[in-house]
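Alright, structures below, take your time with them.
Below, subunit A partners subunit B and then partners subunit C, in two separate complexes.
Right, the complex of A and B next:
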């Protein structure tokens, strides 16, 4: 069989170990596919979405209810974004739990973290673009957090918001950030991230001399598996999109009035929970940054997996790094659950 | 290899099913029927679901008004929850808390004061909305105020232009917790149930018993789901009775006792045992005699009902010495013609002579006939009644005793 364009995007053969679901969870590839879905559905939404405070929520309603298959496109965009968060988290957990981040993949690990943060911000900016009563609280509280930063806070706020309070300038800025500032950035960084995977010798496995399993698979087999994953994910996205429509709410009437839904988007609930503990600068900005810093430092300061231990889960040598990640994950999960508790 | 192929085949079936699901869900989407009312020029999709809703009144044609102008709501949403989430006043956009946005505006029912067309201002200051009489009287009875002039209403309200001798400039909101007398406190907690912004009884059908709809959306009883969609000026007595025959106050326990029966005989089932009625008072509809100022206020804040309810037997029948006042319709813009236009039970035209109250309000459903008798057409029934003036009859009433209560002495029908 002659390899086609898609086959050519892959190496002719790779060690079979690198392509085992059990090892990689297929998380990185899934993330790339979800990004692709997001780009396509997002572009379709751009034909109807109107980034002005008066029209934004109405244009979202138009997309949801009146554009042919618009609801499907929007719901798929929404669910791809939520799945992407989960898949990226799974990807990060896989990389840490298998010790794959070690040199020479340290830099790519950092690239991945930057991508993670960018995707979280993409998700948040996309959420704000709804500009309806459901996002009102998060918009006001989230942007006010910036003001708490010493020295630069007010300037940062004005830079992001485009004025002394959220308004038309804010929406157009979030729109621009969503599509160019973050969207384009993520596309470029993803390309770089994938390039670095190839440059760093593919997915982490022991060097050839230490490899127990010499089996290799061809790019035909690899593409086949990827197609399988893509079909499955598409089906899941459609099913989610039909049975669980993306949130939508009535247009914002007045940004100064209190919203009836005073909760952050789900991926920021853990931060919202900490905000109840006191100083918003400490709990809302410093702690999340420290969490990111700890994650970034894992390949540089903590003991790493040995060459022979690569390619499988839970290598003994990087136990500490795994404990750190488990700690952080538990923290985020428990805080999120606390925030979800009724009456909290 | 085979494994992947089999999985791919299975996954493809799943994908196919999900695509079928997409197609199925899309085909079940409500048909996006849009209505673009001329007043707003913005398309509304309310009728995608509300297809068989009757037009609310000939004065509010749906092609011009649409739905959202009065009801609010999300005009584009096809999801019931979202579409209804921003509706004004729920089932009743004329609720006094939102009436200004729903029914008001200088082009609509809060038109200019000069023309007495600010109906919302009139209603907001009327005793039906302020409940001044009961509050002032109870406060007076229990020594909280020296006179029976109104100081408090259900809500605070101000009248910028007092035009009558009994008009009050402003009212504070009545707050029972500020009262020292326990009876007044109890009154405040249990008796503030009969005014236009009172909490209606539970049930969708009763949501219409506040604001404009309390009177202008009659016949809710026939619509147990509360889906009545009607505004009219032809208001039958049954609508008045939903409040005015709903029960009675028990002054010993200072409570409002709702009646538990369903009154069917308007004459015998009236809540007030000592009330007296002449024949016309229980055969005509209330609005056949009582005018719009009496019902909706005259724009002034009054201290009680007696200051605004002025139609008496003599308004139509005159006295031994005088015939009732009359008014000949002079122009096309005459208020009598305008009102007859809204409820076309009579064929009125310029040159016709109708009876008129002392305040100059035309009783546009009456007519002076050439033989000196009169005719009245029931506003809600269209029934024609004829009647004669007192003048020239055997009536022996003293000239200075001309209020209705004196007429009742002889003419009341035995209950």
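Right, the complex of A and C next:
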């Protein structure tokens, strides 16, 4: 048989030590599987979702409560998206904590970061598509943040929302970005990212002469593990989808009237917390961009893991990079917890 | 003058042309996205006869959103759009509080506590010949 993309991603054998769950966490593969689930459930949602301000929230309710199995489809889409954020974060943490991002994998690390940002934006645009009273202030705040950018802010605002205030044009734009603009970007980058994994020499391992354990597993065993992971993830998704339905509220009547919920979506709570401190441009735009920049620079400016220490957790030689990532993670977690505190 | 052979010249010319095309494309994309299909949002609100608002009252106008104040000095209106990031502030006792990031304003719209740095703006109110109140957003 002629080798195809499947064979490119599944070499005849791979090192046994580095293909253990406890090393990879299975995070990259799980992320790809979740993207696949998101594409399928998202396509099914498109058959009912109506991207107009009057109909959007009602059509989401139709999918959730009237369409047979519609609730399962929507809740699975919702939970896959939330799990994907967590799995991608776990993947990033694993790659930094094992030092696997070092040359020649630096470029693929950057591709992964861009994918992470694209998925955050997909999650945010998907959240806005509910167009109910739960998302109202996130929409107002998120778009007004753009206006605070010096010089280009006002123009960027109009280009994103298509008017002088959020309205029908905004919803259709977010719909287009969510379904095609960002979706296409993620599909292309994911293909490139997983192509580069093999191209850069597969999973990171020490060079042959420094390897302690030469055992390898076959392509067949790899596929077995992948199938096992997919079954487990599917079970988790179904349990979440059945017992914890995705939120939906009454439609937005008027964008100026009060809504009950003023909290950001969970993955932006840390930004919302910082916005309470003052200047929105600094805390809402500059600081998140600086965090992304620091993450992007990790493989380029900080000491990298040495050959002999590749393929295992916590190599001594990249301690500084690990500390930087721990610092950023703690910052995000503490800010999120602060935002969740009642009365904050 | 340094020598530039034909190959290097063509290479650089190609690069320059590609960059210019790219920039032109970005500019075109910006123009494409900048178009506004919706008419600009309402900036004049008709509030009905002035006699409907007694002296000493504060009336909430949720559509604007603003609060209409009628006191001995006449009519005035205070915007309820938070100057920080645009959420609608809520009345709480005699103060106005933003639900999004906790900015606090007094009754006159002055900042009591951040993150907002500017006071809530006063909006222009005019009485028409028929005795109706009109509120101007800008």
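By definition in this document, the second predicted complex is superposed on the first by the 335 of 344 C-alpha atoms of A that agree within 3 Å, B and C clash if a C-alpha of one lies under 4 Å from a C-alpha of the other, contacts with A are read in each partner's own complex, and residues count from 1 in each chain.
The working rule: a residue touches a chain if its C-beta (ideal position, glycine included) is under 8 Å from a C-beta of that chain, and two chains touch if they have at least 3 such contacts.
A quick note: this is a predicted structure, and the numbers were derived from the prediction, not measured.
On the superposed subunit A, the two partners subunit B and subunit C both fit, without a clash.
When the two complexes are overlaid on their common chain A, residue A:224 makes contact with subunit B while staying clear of subunit C.
Of the two partner chains placed around the shared chain by superposition, subunit C is the only one that A:257 touches, whereas subunit B remains out of contact.
When the two structures are aligned on the shared chain, A:58 is found in touch with subunit B, with no touch to subunit C. Put simply, the three-chain overlay gives an angle of 50° at subunit A, taking C-alpha centres for subunit B and subunit C and rounding to the nearest 10. Of the two partner chains placed by superposition, only subunit C is touched by A:169; subunit B is not. After superposing the two complexes on their shared chain, the closest approach between C-alpha atoms of subunit B and subunit C is 6 Å. For the contact definition in use here, the subunit B contact set and the subunit C contact set of subunit A share no residue. Within the complex formed with subunit B, the residues of subunit A that make contact are 58, 61-62, 64-66, 68-69, 71-72, 221, 224-225, 227-228, 231-232, 234-235, 238-239, 241-242, 245, 248-251.
Contact residues of subunit C toward subunit A in the complex are 30, 33-38, 40-41, 62-65, 81, 84-88, 90, 99-102, 114-115, 117. Note for the complex: subunit A touches subunit C at residues 137, 140-141, 144-145, 155, 158-160, 162-165, 167-169, 254, 256-258, 262, 272, 275-280, 284. Considering their complex, residues 1, 4-5, 7-8, 11-12, 14-15, 17-19, 21-22, 25-26, 29, 32, 45, 74, 76-79, 82, 85-86 of subunit B touch subunit A.
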